[in-house]
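Note that the chains are named A, B, C and D in the order they appear, and that numbering of residues resets to 1 at the start of each chain.
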Amino acid sequence: MSSADIYRELILEYYRNPRNFGKLDRFDIEAHDTNPLCGDEVSMQIRVGAGNTIEEIRFSGKGCAISQASASMLTELAKGKPLGWVKGLSKEDIFKLLGTSDLGPSRIKCALLGMKVLKTGVYGYLGAHFEDSDADPTR
Amino acid sequence: MLETEALDVEQVRADFPILTRKVRGKRLVYLDSAATSQKPKQVVQALVDYYSTYNSNVHRSVHTLGEEATAAYEAARERTARFVGASPKELVFVRGTTEATNLVRFAWGERFVEKGDLLVTTLMEHHSNIVPWQLLARSKGARLEYVGLTEEGTLDLAKLESLLKESPKLVAVTHCSNVLGTINDVEKVCSRAKSAGAATIVDGAQSVPHMPVDVARIGCDFYAFSGHKMLGPTGIGALVGRKELLEKMDPFQGGGEMIKEVFLDHSTWNEVPHKFEAGTVNIADAIGLGAAVDYLTGLGMSKVRDHEVKLMRYAMETLNALKGFRSYGPSDPSTRGGVLSFNLADIHPHDLATILDEEGIAIRSGHHCAQPLMRWLDVAATSRASFHVYNSYDDVDSLKAGLEKAGEIFKV
Amino acid sequence: MLETEALDVEQVRADFPILTRKVRGKRLVYLDSAATSQKPKQVVQALVDYYSTYNSNVHRSVHTLGEEATAAYEAARERTARFVGASPKELVFVRGTTEATNLVRFAWGERFVEKGDLLVTTLMEHHSNIVPWQLLARSKGARLEYVGLTEEGTLDLAKLESLLKESPKLVAVTHCSNVLGTINDVEKVCSRAKSAGAATIVDGAQSVPHMPVDVARIGCDFYAFSGHKMLGPTGIGALVGRKELLEKMDPFQGGGEMIKEVFLDHSTWNEVPHKFEAGTVNIADAIGLGAAVDYLTGLGMSKVRDHEVKLMRYAMETLNALKGFRSYGPSDPSTRGGVLSFNLADIHPHDLATILDEEGIAIRSGHHCAQPLMRWLDVAATSRASFHVYNSYDDVDSLKAGLEKAGEIFKV
Amino acid sequence: MSSADIYRELILEYYRNPRNFGKLDRFDIEAHDTNPLCGDEVSMQIRVGAGNTIEEIRFSGKGCAISQASASMLTELAKGKPLGWVKGLSKEDIFKLLGTSDLGPSRIKCALLGMKVLKTGVYGYLGAHFEDSDADPTR
């Protein structure tokens, strides 16, 4: 897959006009992470609604098109879902959102940063333990 | 300069086997030498020779292999020291620049720095010339202050002078910035710092590989550099230190080779530089570094420097014409080292690097281990193209074409 | 054991180009593997491949070469970790055993050891497992005590027990002595030390190259070893540490790669093991160590061990018959590693080594970085023959002939 | 030169029956050094006589035949000489005493250890500065 394919309209569109970008006034969950190897940053805030659902979700951050677009796409997908749904999220889901899995190992970390932040936040809220290996492309 | 005196790039390239490799079906255009340089076959051959004909531990050995290995290791020390104008007794082999600054932190800093002391570094440093001083300041209750930068990305010398009035214990400064390319007048900085009573450490990671360096003229107390950026193997580098100072310092790591005598309750130390080389040293790679020094000496460091200035001038002219192109650091190519950091419109450097990689072009993207500088530049990251002896105008042209393609994809 | 399952020494020897070399006109008889082992061509080839096809800096790179180098480096970590029964997140690449113990001294010791604390090591340690604890004790005002030895050169476990009653903070012990050959029951020592609340560090420099090792079964907190003694390149080795402990520890060296974020006044750290790998790592040699691990795994570590026990048995039988020959350490070859220290009448080990060298035989002579042990043995120095996979009965016979010649010259 | 030549009668004789071995009751100069790379040790004591001469000299130590024999031979040579004579001593003088210069670099250090100790002691007494390079075989 060529880079022209990776950076198709959709990703560029989300990069330049990210959905759910910003902060919430009231929120129950907040998480932040950076990719130490490339410096990308993503924060997420979630307001939990009735029945432990993701009532509202916002992200902010800076970084490459892949990290920011995938975080933005993920917030759209997550909105309205029960918190427990987050546990089932896998990297394949992210690849589906992005429309590609053909990323080098370092770019995969960019793609999965949003998911890592979302899981960290939700698992912390649920009192569960986040297993790093899920977001580790070397495994 | 006569044209016959210039570097013969084609001849140089023939010494680097990796350059014949294809990346994603394209010719490899390697523009990431500031991260690590490629290695000529002469360096690799020095490793192969060592391992296949005289591999042995050094210094404590009476047998032939051991004496050959010791002689080759010490000869590499001698050649590397002379290469930067030092004496071999003043050159400690370390893993690289980072281990060198940390050695100074532990062996000099833990001994001589006290509560309330001031340590000075600059905003353009690599993390390896910042974090050790943060850790030292924390452990000793000392203060760490930064010399800021001018608009052009040179040191704010007025700020330096005002910090020197506070009698700092240490001034840590890079010879050449790995992001801005700025070449600092370290001779002047060291002489001013010395007058103020400060010890000085100069980070030579981006200078020793690219220009003639003479530590005696610079007049610093410590000078650090990495072998892997100067055509040498990974895992080896050097700390050069003034002998009297090295002798006064505590040892760094403890173990074999650095001791003179070990008793149950205490030990005494070997002579410098061995006092700082605990355990089995990186014999093969030190010898490989010696071969890299020979190779560079053979080319001539002034020629290497001239070549890179010419390349930089061409690159700045060529790339500045691109829409949305913005570069950082001094505008005069003859005052910079061979690194060019830039951004192209709103394309994130990682995305840029991915697109260029598809064209066989290797650049670096990110914070370049200089986060404080990134914040000062007010960017999250930059792209960086960096040169060495094997780069040519063709490589610059390829980069330009790659950037044009990226501009199209991102609809810049 | 079926004969077909034994190591095929001739086949192994064909992998080691240096063994075809002549020394002073004689066949090279290399009996100094405890100092550093020779390297099979597969290991050297791994270095050549790296440098000539995918040399690049790791971890911070988006381009193809960088991703290949990163993948190879991390794969080497994975294979090396599995080789000793550890997880890759628990394995820090260092220069060698000495850097490993010093890392623990600084990153664990400076953090967790306090004034008045007790540190315990033993009389049979290499300087690299003594001097760091002396320095730590001095810097913290702690005490260092030694577990003594029995007549046969094994640990005095009664002394260990009495020291454990004083609740030491650390017990440092070697898996296999580089002088006596003694293999310690480190599983037992660690379990006793753990019950007493002590952290444990095991020096695996002479065990990992020669026998199957499983750190999980040993149950230590830290385990250290050197690549260059296990058929790998110089300049690389490993510290294995329990993940929770590594996470709690301070960083060691500061610089690139080990940080997460750097601000002007403080920094935060990367995840383990990267937190302890500051600066550009020794990429090529880590990959070379991975190749050495593959080579040893291919041979099978149990076979390696069996081979060395057979050689040791033959050597002890053969050499003990010589007039004036005296060896040190346990008398049962199956309880020892592949090192045999000895003296021949009143011939000083250096003189012996010089005479043997003339026969092409490389042995080590001196204090073997174990001066406290030398004093306990009441000798100034010993000679030492040590074995690895490429040694054969022929080598032992050559040694015997060489010692006979030395006896004649010195009129023993 | 073969080792049978290096270890000729003379060296063995001095190794097994060193001349001037021991300690002085009264002495004006004392020096000690070890070879950190091989552990050989040599100490020397000197009683200074009229006209700044080496009136009495003893050495002690442990180590290989070469280090101990050369130290012993050197004491014999030095006895009665003016202190200043020590300054002119060079490694060639030691090789002459030993009857060989055909030693590997590590063994040269053994051979020169006695001279290094003698120079260190005498230079200290004379207030002069001992230049290491003289005894450094790698120079």
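Keep in mind that, in the parts below, a residue touches a chain if its C-beta (ideal position, glycine included) is under 8 Å from a C-beta of that chain, and two chains touch if they have at least 3 such contacts.
Since we're looking at a predicted model, the values are computed, not measured.
Chain pairs A-C and A-B differ in how many C-beta pairs are in contact, and the one with more is A-B. In terms of their C-alpha centroids, the spacing between chain A and chain C amounts to 45 Å. Chain geometry summary: the mean Cα position of chain A and that of chain B are 37 Å apart. If you average the Cα atoms of chain A and of chain D, the two centres end up 75 Å apart.
Per-chain Cα centroids separate chain B from chain C by 31 Å. Across the assembly, chain D contributes residues 37-38, 104, 106-107 that each touch 2 or more other chains. For chain C, the set of residues touching two or more other chains reads 60-62, 64, 66, 259, 261, 350, 354, 357, 365-366, 371.
If the chains shown are joined wherever they touch, the resulting network has some other arrangement, not a path, ring, star or complete graph.
Going by the touch rule set out above, the chain pairs that meet are A-B, A-C, B-C, B-D, C-D. Those residues of chain B lying in contact with chain A across their complex are 346-351, 354-355, 357-358, 365-367, 371, 374, 380-381, 409-411.
In the complex of the two chains, the chain C residues touching chain A come out as 59-62, 64, 66-67, 70-71, 74, 259-261, 270-271, 274.
Chain contact summary for the complex, chain D toward chain B: residues 34, 36-38, 104-107, 132, 138.
Those residues of chain C that touch chain B in the complex are listed here as 17-18, 21, 23-24, 28, 30, 32, 35-36, 38-39, 41, 43-44, 47-48, 51-57, 60-66, 95-99, 101-102, 105-106, 126-128, 130-132, 134-135, 138, 144, 146, 226, 228, 233-236, 251-259, 261-267, 278-285, 350, 353-354, 356-357, 361-366, 369, 371-372.
On chain A, the positions that touch chain B within their shared complex are 2-4, 6-7, 12, 16, 37-41, 62-66, 104, 106-107, 110.
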